[in-house]
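In the two complexes below, chain A is the common chain; its partner is chain B in one and chain C in the other.
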Partner chain A sequence: MATVETSAGVAAPEVRSLRGETWRRLRRNRMAIAGIAIIALVALAAIFADLIATQPTEGFFADQARESPSARHWFGTDQLGLDLFSRVVHGTRISLMVGFSVVASILLVGIVVGGAAGYFGGIADTLLSRLIDVFLGFPFLVGTIILVTALGGGKMAVIVAIAFFSWPGIARLFRGSVISIRGSEYVEAARALGAGHLRMFFRHVLPNSVTPTLVYAFALIPTTIIAEAALSFLGFGIQNPAEPSWGLMIARYRPLIQTEPHLVIFPGMALTMTAMGFILLGDGLRDALDPRLR
Partner chain B sequence: MVPVVFGAIVFIYIAMYIIPGDPVQSLVGERPVTEEFRRAIIDRYGLDDPLPTRIAKYVGNLIHFDFGESALSRRQVWDIIKETFPNTARLAVAGTFFLILLGIGSGMISAVRRYSRLDTGVTLATIVLVSTPVFVLGLLLQIFVALKLKDVLGLPITGLDQGLKSYILPGFTLASVSMAYISRLQRTTLLETLESDYVRTARAKGLPERRVIFNHAWRNALIPVVTYLGLDIGTVLGGAILTETVFNINGVGRALAIAISTRDNQVVLGISVFVVVIYLVVNLLVDLLYAVLDPRIRYT
Partner chain C sequence: MTSESLVDVRDLVKYFAVTRGIIVRRNVGWIKAVDGVSFTIKEGETLGLVGETGCGKSTTARLLMRLLDPTSGTIRFAGQDVGARRGSQLRPLRRQVQIIFQDPFASLDPRMTVGEIIGEAMRIHRLAAGDAVHGRVQEIMERVGLNPDRHDRYPHEFSGGQRQRVGVARALAVQPRFIICDEPVSALDVSIQAQVLNLLKDLQKEFGLTYLFIAHDLSVVRQVCDRVAVMYLGKIVEVAARDDLYALPMHPYTQALLSAVPIPDPEKERSRKRIVLQGDVPSPLNPPPACRFHTRCWKAQQICREVEPPLEAHSPAGPDHPAACHFAEAAQVV
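Right after this comes the complex of A and B.
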């Protein structure tokens, strides 16, 4: 940071980094703080699931099937006599795992592909942009359903299918940012000083163009969590009934909706709250980085 | 438009191709298959042909409007689409009604009464709606509105066969997520236009506030909303699969979901192609709608 020169009597303007400024704005946003609190709660539930939810999440206990919520079973029990609270708590692991795996992998692919296209331009860029158009022209849920079925279902297939139809958005956004920064003077200066492509890209282009992409990727975490639940709900995603996926639980408890609606309500609320936490923080991040949009 | 449709066909063919298992066996279920029968099926559907040949054949038939037939029910895929699409279309119309009434309406109110309690209420409602997955919202509405308030409202839990009132819950469910985004977007864009110079001019020359908002500000604030609506058709299609499943509606989305789970490949292909074409046509219509909304845009 350069020193700020001041003439006598004029207070030096406070110098703040972009990161510090963003954090300052984020802290003042009550919605974002609520989001952080919800995410922290969900993350703690996932980490300490074995300590919080001690009752079995698979098996068959005929003597305690379909009980209403009680002190022993906070959320009641299902057709198999399994404690719903334990299943919902363990479900956080699946949701967070799928959400983070998908977003981490599409960030990697999107930044490499979009960055290369934007940085080098030319025919590769044109071809890639057309390919991305094809991807984005395809309805997301239809595509993921077909792909997840082709891959045979299960957690891994869900991650691959959602990632396959999510990376083009990241690549397109990052490509645009790289193009807008490629022609700037400091990049030209670095090139004039003899920087190679790798150094150029990672030292000069990437740090100055990646922020909008990161914010967009963060906003895809709730989308991904909801997509996993939707796929499993429809019977295409996670299909092993022992796995406590919220979407799968809702699908299996749905026939009991008239007599035991709480079996659907609790996993549904867990899913909604988790998504809400990420959406609130995502909105907060976006507003903090670009206050004009408020 | 053509590359996207072609890309979709290639993608589905490859996806079908890599599905593990014997296609003939999956057609007949657990029963044993005789050699002649296997031969007949392979010839009938051209399962021996290499992938490019099969794709070329399919596209050739498609040009003659031949979508193939279902391997399970032997029905023409086009007949299945003709039977199910009207239900989806009606559901989409109901959804659009809620989208315009509640989405655009609440966004306008939010902008005009900025920072009021009403504005805060709308903001909170949009956050809840965006966070609630379509199928969860549908089930919650079934529990808390259709079942709990059965004697008061008398809304059916499933199906579309009880006249207009059976469209209320599925229509709202289908529109929910887009409704929230539209409301936010309408608020932002209307706030922007309300601060512009021409709105100040309109106020300065003494126009009543209603005319300032509707005739001057809103018309321009609508353009980004229409753009979003066009881009959002894909979400609506995905929502249709979930909404139709939750409310047991015999629509295109549910037909597609059933076809995928029963591995009825021709039906999957046909409906997917149909859906992609609809999606692209709607986008085209939205582009044309621009010219109506924004006279500066001219297509020559």
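Right after this comes the complex of A and C.
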């Protein structure tokens, strides 16, 4: 292949940033593309829920209770006569909000705790690592049920409870990455130049160590969405019947599964599809960023 | 302290604790990486520090840089005691003392452009601000032989020799007086080594720099150093002006090292005797008592196992050429 000559007459090497490279590799992964498509669909549904699903999601309409899917009610109606399609579409908001809020907050806590432990080492590392161990020792479901009940239930309680028991994994992973980067020569060089702790951490350590943690955090979004549905299904999470949480819907429609199975199937499918979209994209991201496959 | 020595190191010691246990840390021993090292470097001079891997050369460099805290001993730089300084007190020192690392692939942040890498020091020390940084970076890149137009490229787009030039440029950015070169060319191809060495020599002349040049390759040391100190297991065993060391090595360890340097004359090379040392370098955890070299020395006697030889002058070498051996004698090996 002939070398490309620029106007200056210097052979131009192919310039490829890490981000560009990741996107190129992601695009070749069909499953990841499918994941992106699903997530885009779910996100659009959440953003434009009020335009797409115009029928009421709460109230009581006796004249149209327990109808089968039809042109007017695509997913049918429930025992209160509420349009299931509208409820499922509005449910995307709850799932995405819980998923993103939990992951954003555990990233923040995990990076602060894991970063402090890994960067400073010594006593700080010993104490914080033992704290992480204590949290990882809790059974997740039991812990979240107790905490969400103590907090009085509802959306905020669910977010806090799931986040409370999810950050240690992030912290431990990030701690390891920080330790491996902290000892590198370019961090030492920055120190030799007189850089302070803040500059060394934010300019050098963080950008070079955060990628695996971001991928892992992304993979926690579906886990979180399912955890919210599970808590709500079990009767501990979102319990206000007016809130269209998929887990709560499945729980409330479960007695009708033999006569109106669609009432359980549609929210269940929405939940599964959403989780799968995030899992596919998460796997794709992990593969695209894996240096061994590069 | 004489007025002209820029760096004055006295009895520098660095022990690393070896600990066991997670919650209750028990100290199970010390790694004696640097154990009583003294030397001085005059302004504008290049002191070579040679020795095998693991003998404490790089630890000495990091102690001088104050990237590590010394266990004991003093480090005086330009007359000021910097060995006991901590944290922000080290800031002024960071402007005057810089380091060039061995591995040009590990010592540059892969996520920063070379312009950002070179400019970082100027920003830290507020030597320039805004657009002025850009101009200064390009100036320095030009000076070390890099195309200034490539300031927005990432380190992985450069070759090993060019990357090492970036490392040199980064060190120069703060206009230091003293640069520690920690094996700056040992990771490079032989053909590139000479270019980088010449660059370092030119810069020394131009800016009046003082170097501590660490290497394990004696022929590289011979090219650039005025004086050479030989280290073995955390101690300096011999110090001499470059030509004296090569002509009249006094310490058996120095003689063994020099006998391994290839001579570019096949006949001489064939006829000379190589001194092949037995065994490996002992662990710096529990190093041999008294003379640390006695386990591998062909001259070793009972006294070597009992009394540590001081670093002192022996005839025929002059007073500026001390060696730490009870049986020091001149031998021609090169």
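Observations on the structure shown:
Following the convention adopted for this analysis, the second predicted complex is superposed on the first by the 276 of 294 C-alpha atoms of A that agree within 3 Å, B and C clash if a C-alpha of one lies under 4 Å from a C-alpha of the other, contacts with A are read in each partner's own complex, and residues count from 1 in each chain.
Basically, a contact is a pair of C-beta atoms (placed from the backbone, for glycine too) under 8 Å apart; a residue touches a chain by one contact, two chains touch by 3 or more.
Just so it is clear, the structure is predicted and the values come from calculations on it, not from any experiment.
For the composite obtained by superposing both complexes on chain A, the positions of chain B and chain C are free of clash and fit together.
Angle at chain A between chain B and chain C, computed from CA centres in the superposed arrangement: 100 degrees, to the nearest 10.
In the superposition on chain A, A:242 makes contact with neither chain B nor chain C.
Which of chain B and chain C touches more residues of chain A is settled by the count: it is B. In the superposition on chain A, A:254 contacts chain B only, with no contact to chain C. Within the superposed three-chain model, A:137 lies in touch with chain B and out of touch with chain C [touch as defined at top]. In the superposition on chain A, A:275 contacts chain B only, with no contact to chain C.
By the touch criterion stated above, A:126 is placed in contact with chain C alone, chain B being left untouched. Looking at the shared chain after the overlay, A:40 reaches neither chain B nor chain C. When the shared chain is aligned, chain B comes close enough to touch A:234, but chain C does not. Of all Cα pairs linking chain B with chain C in the superposition, the shortest spans 13 Å. Touching of chain A by both chain B and chain C, each in its own complex, is seen for no residue at all. Of all residues in chain A, only 8, 10, 13, 15, 17-18, 126, 184-186, 188-196, 199, 203-204, 207-208 touch chain C in the complex they form. Residues of chain C that touch chain A in their complex: 22-23, 62, 65, 67, 88, 90-91, 94-95, 98-99, 101, 103, 106-112, 120-121, 124-125, 147, 149, 153-154, 157, 167, 170, 174. Looking at the complex, you find that chain A touches chain B at residues 31, 130, 133-134, 137-143, 145-147, 149-152, 222, 226, 229-230, 233-236, 247, 250, 254, 257-258, 261, 264-265, 268, 271-273, 275-276, 279-280, 293. Residues of chain B that touch chain A in their complex: 3-4, 7-8, 11-12, 15-16, 18-20, 127-128, 130-136, 139-140, 142-143, 147, 188, 234-235, 237-238, 241-242, 245, 256-257, 260-261, 263, 268, 272, 275-276, 279-280.
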